[in-house]
Amino acid sequence: MKYNGIITPMLTPFNHKGEIDYSSIDTLVKYLKSIGVSGIFPSSSTGLFPFLSTNERKKMLERVLENSGSIKVFAGIGAADTDSSINLAKHARDVGANGVVLMPSYYITSSQEWIINHFEKVLKAVDIDLIIYNNPKTTGTNIELKTLEHLKSNYSQVLGIKDSTGDMRYFERLLFLKDSNFSVFQGEDDLMFISLMIGADGGVCAISNFSEDVVNLYNSYTSDDLEKTRTLQKRINGMMDILLLSNFPAMFYYAFYRKFNIKGGYRDPMVRPSKKVAEKILDFIKVV
Amino acid sequence: MKYNGIITPMLTPFNHKGEIDYSSIDTLVKYLKSIGVSGIFPSSSTGLFPFLSTNERKKMLERVLENSGSIKVFAGIGAADTDSSINLAKHARDVGANGVVLMPSYYITSSQEWIINHFEKVLKAVDIDLIIYNNPKTTGTNIELKTLEHLKSNYSQVLGIKDSTGDMRYFERLLFLKDSNFSVFQGEDDLMFISLMIGADGGVCAISNFSEDVVNLYNSYTSDDLEKTRTLQKRINGMMDILLLSNFPAMFYYAFYRKFNIKGGYRDPMVRPSKKVAEKILDFIKVV
Amino acid sequence: MKYNGIITPMLTPFNHKGEIDYSSIDTLVKYLKSIGVSGIFPSSSTGLFPFLSTNERKKMLERVLENSGSIKVFAGIGAADTDSSINLAKHARDVGANGVVLMPSYYITSSQEWIINHFEKVLKAVDIDLIIYNNPKTTGTNIELKTLEHLKSNYSQVLGIKDSTGDMRYFERLLFLKDSNFSVFQGEDDLMFISLMIGADGGVCAISNFSEDVVNLYNSYTSDDLEKTRTLQKRINGMMDILLLSNFPAMFYYAFYRKFNIKGGYRDPMVRPSKKVAEKILDFIKVV
Amino acid sequence: MKYNGIITPMLTPFNHKGEIDYSSIDTLVKYLKSIGVSGIFPSSSTGLFPFLSTNERKKMLERVLENSGSIKVFAGIGAADTDSSINLAKHARDVGANGVVLMPSYYITSSQEWIINHFEKVLKAVDIDLIIYNNPKTTGTNIELKTLEHLKSNYSQVLGIKDSTGDMRYFERLLFLKDSNFSVFQGEDDLMFISLMIGADGGVCAISNFSEDVVNLYNSYTSDDLEKTRTLQKRINGMMDILLLSNFPAMFYYAFYRKFNIKGGYRDPMVRPSKKVAEKILDFIKVV
């Protein structure tokens, strides 16, 4: 199996009490199908998975699968301890997810040895497609190339990587690992143009939770319309600059709620964006 | 209430299956009483609290309280989401802990606004002494002085801070906040001598899980034996250099297991230290 | 004037006493002409310009100009204080250099205000084409986009930028400034493929001091042979990995001396590469 | 010889054309004698030595020596290349300086091997007391403890270190090297209290260019008046917070010029502080 295109690291809609708003998940999934993303990734970082209970994560995955149709569903199975990830992986397999996404443990910084132990225990316990997720900003550690090569060459389930380092030097070296069974995804929305130009298979782009720009960017690229690709990238960069004025990922939630007229909430300790900053995003929402 | 002395950020003993070994908790608590620490802090970073379930954390706290006697018990209530911390704080209060220790949310980096929201929701929900824990290495964010001053001046329950930044410039400014109801603890074992010399109330020192050196250092300082204080600091520094040759906190577990002849284990993804590195710690264990 | 292609940040050949070896400059210039670089940049970082006296720098520039033929010559005029840069710029203009390359002051970290002052004083004093050089690793400061835009829009002499940040997010934004009078050069040899793919005009590549690989890479790209471009990038990456095993830029000197059988030296405090590391480069030299 | 007390890293007074104002050097030296510093260090970082020509540095040193009386004079001999440092060291010896201060090469980051080469070449060439200056913020590299121990144990001229890392973990380890022939100086004004409390011999404090607070702090400490020491440190911290609102070291120049009613200037690219920021320093100047 070879994956590509734009995968949405799905946010987790909350109501004003901070509880998961399952009906808004349906709204989001319906929207994602309409704009043509290739995959949905619940329990992502944007989805604030560490703020959710295991039961909430399982229930959310099931809800996504009810409506996902032909879109691939990749269940986030990240956890600080390995057993929790195995538990989530088994559930994902049992309920029919297409694959899972796993990052190294967090809070306590992992060595490469810990990373290998973490991934191998999950890979040996559950037979399901797995995408490796590298994000040093949240885990405090980088997955070194030799660690990645080890996992890729020893486990045929390992089908790709989502890289959120923002380091194109590293990303280029990832592309040298790309083959017919291993996909390389860019995890930073503002690096999509560069990444596609040098051979990325696609992106895991948070902005697709409420904007089709990045899907259009991907389609422009595959249609060889580089000028349009570049123009869309510029617009996305402008949007990202504004979204990150409030602490990640609050602004993505605000934009989603406003676009779909949802009276949503923010699970603590996430705080809703200030009015001043929030106003700046409204122009983009209208354009979309 | 004014706290001081050495508080032990308790490790969580595991058996070879990676399950919590409750009887070894008794061994550890008995040891800590014998060497004269002033407090015990279960569900600490050394205790790998993000690897534990809520039930495990509650049961462990109860087990500590059964044997703690006159030693103060500070329950770690850290969690990525605020509600989980509130839940743990209520339990700590109900089972009779002396206080709780709370750090900012993690994985997703908190802004100062998120930090204030996180702490205030907990402080308003539960009336129990609270020590603020600042550790940018694990949470990705520093608690700024004005955030700290806000919490300290508005909530009389806030009785101290454990600082693990390793930044003495910041630590000195913390000491300017010290008063009869607010204690400042150093969280880095190798900075105890400096910290006490400029007025720290004590330390939260992982090394006390298996060594009385740091308790002796504290007692030497309060007895005005600066030469002995300095000598002990040098020995502790040497020990720390070795302990951190393996990924934190594996070596602390190894040292504890060896000192008490426990056949302990390592919850995944933590990996036991390599033999080569482990051998280096044995001399210190014998000396202790 | 619009510049492009590969510019060589020329190393400064030394003899065994650490004096400049002017005849080896001729050897190097002759080689650079033979492989087809578009420009030569004496008094570069690779050329260790801060280790050279003003007189040495002037004499070296004159020597280069004697043999450079149709290749463009860009004189490095970097200095900690602005007046020294003005002095060097006037000399460069007077002896017929095509342009100059200037970076912010160093040792003391510059603010954006200092950067603007530094560049404006030089630009107002001397009328000659100027390429801005951004290298936070050596100057401790990044030239912000708005600083760059200010200089570019107010001074028509500003004809390009050499970016050595290694940050492609920044580099992509530089490319949005590219126009018919402003060229964007990549300063990191291992990022040439990516940079050309997204529109860079060329590179300032230290490896061209002894290898034609990067010139071939550029030519492959302009001939639309992307497969060859990528293959050459992979080889260059391998070479860079080895070159940087010794402290920059000693290995570039070693490679140059060996390739041309020069009994060269290393001005203090630069130290010649260890034998063990040096041996690794010999295979590459032979291949070239 | 054993050095201690407060050494002034002397600023270089300029006139409005940016030329050195030698008569204001006399004013400064006279002031430093009056407040009781133990040493003067011309060609310091505060003195912007990389902005000065070799001749200016020599002439300035000679001018300082004319008026220094019993105060020790330590000539800064920092340079990017080793030969320039040797040249300056010989001059310092010949004109009767008490010692020299040397840091690693800069702009190009030095390895430990380069550092050792740099210092050894100077130490072998000139017999004069030498203080090692460690400042990774300006040189890009840290002098490792084993490098320092190597230099200290092999060269009896090496009589001390000025540490500007701001890292007290490192500083404490320096103090373990202190002996009757090796002094440890703190280079950060706001860390003087901590440093003296754990055994520092003194400080190299830029604030003494226009304020006697830090001399008073030192004297309070040696008189065992810890409360006054702490109070002075707090005031110094407040002053430093303001001084560093403009790019180092412009505000030190402004404060000096205002205190002594000198119509001074700022050598390019240094820019004079903005009015808004400058006003904040005036209260401190009056207090002094």
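Think of it as A, B, C and D in the order they're written, each chain with its own count starting at 1.
One rule holds in what follows: contacts are C-beta pairs under 8 Å (C-beta built on N, C-alpha and C of every residue); 3 or more make two chains touch, one makes a residue touch a chain.
Computed from a predicted structure; not experimentally measured.
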Farthest chain relative to subunit D (centres taken as mean CA coordinates): A
Mean-CA-position distance for subunit D and subunit C (Å): 34
Length of the line joining the C-alpha centres of subunit B and subunit C, rounded to whole Å: 51
Distance from subunit C to subunit A - Cα centre to Cα centre, in angstrom: 39
Subunit B, residues touching no fewer than two other chains: none
Chain-level touch network, classified as line, ring, star, complete or other: ring
Chain pairs in mutual contact under the definition given at the outset: A-B, A-C, B-D, C-D
Residues of subunit C that touch subunit D when the two form their complex: 18, 45, 48, 50-52, 80-83, 104-111, 113-115, 117-118, 121, 137-140, 247-249, 267-271
Complex contact set, residues of subunit B against subunit D: 166, 168-169, 172-173, 176, 188, 190-191, 193-194, 197-198, 233-234, 237
